[in-house]
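Okay, structure first, notes after.
Every chain is named by a letter (A, B, C and D) in the order it is written, and numbering of its residues begins at 1.
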Amino acid sequence: MDYKRDIPLAITFIVGVIAIGDYYTGIEAVTQTFNVIKNWGIVLQGFALGLGAVNLFRVHGRRLSARKEGTDWYFSGWLLLMLVVFIGLGLVTGEYEQGATYSWLYNAIYLPLGSTMYSSLAFYMAYGAYKVLRARNFDAALLFITAVLVIFGNTPIFPAIYPGFFHMREWIFGPIVSGAYRGVRIGIGIGAVVLGIKTLIGMETGYLGRR
Amino acid sequence: MAILTPGRIVPLLALILVWVAVYIAINMGKEGKIKVRRIAGLDAIEEVVGRSVEMGRPVFDIIGMGTFTDSYATQTVAGLSILNYVAGLSARLGAELIAPQAKVDVMPVAIELVRDAYNVEGKLDELNVDEQLPYLSGTQFAWASGIIGMAARRRPAGNIMIGPFWAESMMFAETFDRIGAMQVGGTARTYQIPFFAALCDYCLIGEEIFAAGAYVSGDPAQIGTIAAQDWYKLAAIALSIVGALLSTVGVNIIAELLSR
Amino acid sequence: MSVWEKLTSLPREVVMGLVIIAMLIPALSPLGLPLMTGQMSQDWYDTIEALPEGSVILFDIGYGSGGYPSLGPGTIAAFHQIFENDLKLVIMATALEGTLMYPLVMAAVQPESNYGAVYGEDYVFIGYIAGTQTAMAGVLGDLHELVTNDYQGNPISGMPLMDNVGGADDFAIVAYVTTSGDVAEGWVYQAYSQYNRDVLGGTLSMMTTSIKPYYDSGQLLGIMDGVKGAADLEFLTGHPGDAIVSSDILTFTQTLVLIFIAVGNISWFMQKQEGSG
Amino acid sequence: MVSMDPSIWIAAFFTIAATSYAFRDNVVFKFAEYTFIGVAAGHQIVMGIKNIRDYGWTKIMEGQIIYVLVFVLGIMLYARFHREYYWMYRFPIAFLVGNGVGISIRAAIHSDFIVQVAQTASTPLIGGGAMGTINAIITFVGAVTAIFHFIFTQENLHEGTLGYIPKIGRWLMLLAFGASFGNTIMSRFGMYQGRIIFLLRDWLQLV
């Protein structure tokens, strides 16, 4: 027996089966056990949040100490400084993200960066729509038709001129979207379940990493 | 209190039958009884790699930022199968493969697969893991901007994106389109399929990526899995058709059965 | 290079520059065009209206800074309606940054001064809980076993609202607003399937098509469709905010996009004609 | 009047820096990008530790000694960075995977498969007037043909006359994707307008 792999596989199986049992049966002991598992899972997820940061420390720490030409090592230094400042502010005060300085810095730095990075996709969308939404063949034409009709319905001025634009959009979101997306969802749903079962019974072991 | 929760008997039965179906299908797969149909986007991958060689520019393979522990693990596995395939092609044809990484648990597996592929072709000495499979960031937009930055500097001739993708899909597809890379995109995250469908030269829709992954891996277990899913889909089609026809004449027996 | 050729490949900077101008004009002088409310947001509004006074709602802030511009206004409008109808609110966050979105939302709603609501009696924020679906299942299962303190570290036992809430059965409805597909589907799995609770879902517009099947099958009673849904709710609840302002911006920018699409198609077609002729 | 609040100025700087990439890659954007990564990771750690305190440490303090085991598992996660003992991280990961998989598939088979099939099977194809009938039929055809498109191992189902069924599925899906694309454009502009309002109202105080 290879305890380095077999014990984890057994853990996955047992925990997964208890989760399923909790859903499908009314046995009190199973529900109680699963409540404990859930709470443990939440604590473990807390631990897992630190993994990415450790990796950043490794990658950028190495770059900073090597200081190779053309690697932008000073940016790595800045990154680590920001990382340390936020951890320090959050933990030293004991107020975590509720501290006054912490939320000041968050609102000044992270909030604008996060929301702008996310929303600057608008520019990509605009350019993408211009370059891509062209009825160059049959497939593209299908995509083109509904995209344009939905944009018309979504742009307040057009329904204001003629309400039909809005009803057209609502109709597309009716049978067209409902039907096709239901088919897609059924397919993806069963795909996820099959993978899940394979994972529980130890046939899908990618998460265990290298041998 | 009932041992089985009422209203959930059919789902439980369906879940147990998945288990049985997977076993049967995988055995059938091992006996070579199951064939997966060819998928159009797959042939294009070879074209993409070949084009990169001709133009003397790198080819990107992005597997997305899924992990093995989230609900998109299947898609990550499919992406890794494709990465393995692309790495083999790149080693054989002599293209420079670049596959930026986002997740710490997936990265070692990806490195292992790429290394294997280069090894099979006897070109292990041509592989530079640190340069070709760099870890960029586990944070969505930091990762995304890292990739678009690399794309702008390296100007790849081709880009293959198969795996789970989030909002960054649009940024990638648009950026690579702009620098003139030929693209094959595919994801089963329904939210992002439209962008790939619109911007990529070839698009694998939804579950096609699983079939593609199984197809290139040649692994009977993976191919068997696809068959098991197909049986469920056939059942879904049959139940839908019969049920809809019956309910049209006022008999709602299928839906009632399913809600037990 | 012919005119058509130039028009098929306008430089990126030109397109983006025009988009920025199209955003600035209506932001500086709004038009105030009328609005038509969609069925999905109407259903959200009606579902909340139909709840009896004093019902407890579990509300998940499932977005961070990236989603705030789009989903924040909708959350604010939804909270206005909830406090106006004397409903109780247990708020949680499945998003890492949710705890930092909460003060932004509350600063706009002002439940104390606007509605005389009292923290601990009418609403409680239990903070961020890691683990997405595990967190949902935890809160709906045995809330007090899992959560002992609110987001500021004050014990929740002794708070009048929390003494009456122990798990899924005590919530009249579960509502979420999120940028994450895992959260959007997770609440259907955990709240609807597992505990048979009614669920309302708010997402980015781009996700609406994907969760629409749940709405069709009654697993979601209403959908707040991104910034459009937010504008609808602001209109329905009578609390105009940033989302309605954005309607004007949408008119300008999307008309511009339609013009770009037209230019792109016509020039592409004409260029092809020239090439073949 | 322009804002005098330094935090508004910093936020405005980062807003413009992050936008600038849409036009061209530049060093200011790179600075913003690295700041973003660093702060994100820092925030993640802070929230991670807060969660460990709230949902783990308090339990130990209350006398539930068994939670010590969770801490051991949690620390084992970090074994993956060790050359020799890396395999130890598999134990906590196995726990997380078992929990995650169990919790999602138990409901997915219900919500995504059974309920969706039942919904298709219980909708009459005729009724609700001419429009209702048309809508019901389109929905039904869309769902069934889309599933058909995703059958991969039955080659005979994609040939000859039957071959039109998956094609129809693909066409209907493309129409639906178009709708999604159109809606996304609104989604993104709706987001960026928030930044425009911030710049004009909070920073430049023009409106």
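The rule is short, and it goes like this: a residue touches a chain if its C-beta (ideal position, glycine included) is under 8 Å from a C-beta of that chain, and two chains touch if they have at least 3 such contacts.
Remember, it's a predicted structure, so these values are computed and weren't measured experimentally.
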How short can a path of touching chains from chain B to chain C be, counted in steps? 1
Give the identifier of the chain nearest to the protein's overall CA centre, each chain being represented by its own CA mean. D
Suppose each chain is reduced to the average of its Cα coordinates; what separation in Å results between chain A and chain C? 17
How big is the gap, in whole Å, between where the Cα atoms of chain C centre and where those of chain D centre? 14
Whole-Å distance, C-alpha centre of chain A to that of chain D, is 4
Residues of chain C whose C-beta touches two or more other chains: 12, 16, 66-70, 96-97, 99, 129-130, 133-134, 137, 146, 185, 194, 206, 208-210, 213, 216, 228, 250, 253-254, 257
Listing for chain D: what residues touch at least two other chains? 21-22, 30, 36-37, 40-41, 43-44, 47-48, 50-51, 55, 80, 93, 96-97, 99-100, 103-111, 113, 115-120, 140, 143-144, 147, 149-150, 170, 173-174, 176-181, 183-186, 188-189, 191-192, 194-195
Touching at least 2 other chains, the residues of chain B are 8, 11, 15, 18, 68-71, 104-105, 137-139, 141, 145, 167, 170, 178, 190-191, 194-195, 197-198, 206-207, 232-233, 236
Using the definition of touching given at the top, classify the network of chains in this structure as line, ring, star, complete or other. complete
Within the complex, chain A is touched by chain B residues 1-5, 8, 11-12, 15, 18-19, 21-22, 26, 68-69, 71, 73-74, 76-77, 80, 104-105, 108-109, 112, 135, 137-139, 141, 144-145, 167, 170-171, 173-175, 177-178, 188, 190, 194-195, 197-199, 206-207, 210, 221, 225, 228-229, 232-233, 236
Spell out the residues on chain B that touch chain C in their complex, using ranges where they run on. 70-71, 140-141, 166-167, 178, 189-191
List of chain A residues in touch with chain C within their complex: 23, 34-35, 38-39, 41-42, 45-46, 48-49, 97-98, 103, 106-107, 110-115, 117-119, 122-123, 125-127, 129-131, 133-136, 144, 148, 151-152, 154-157, 159-160, 163, 166, 170, 173, 177-178, 181-182, 185
Complex interface listing, chain C residues touching chain A: 10, 12, 15-16, 19, 33-36, 38-39, 64-70, 96-97, 99-100, 103, 129-131, 134-135, 137-138, 141-142, 145-146, 151-152, 194, 208-210, 212-213, 216, 228, 247-248, 250-251, 253-258, 260-261, 263-265, 268
Counting only contacts in the complex, chain D reaches chain A at residues 6-8, 10-12, 14-15, 18-19, 21-22, 30-32, 34-52, 55-56, 59, 67, 70-71, 73-75, 77-78, 80-81, 86-87, 90-109, 111-113, 116-117, 119-120, 134-136, 138-147, 149-150, 169-186, 188-189, 191-192, 194-195, 198
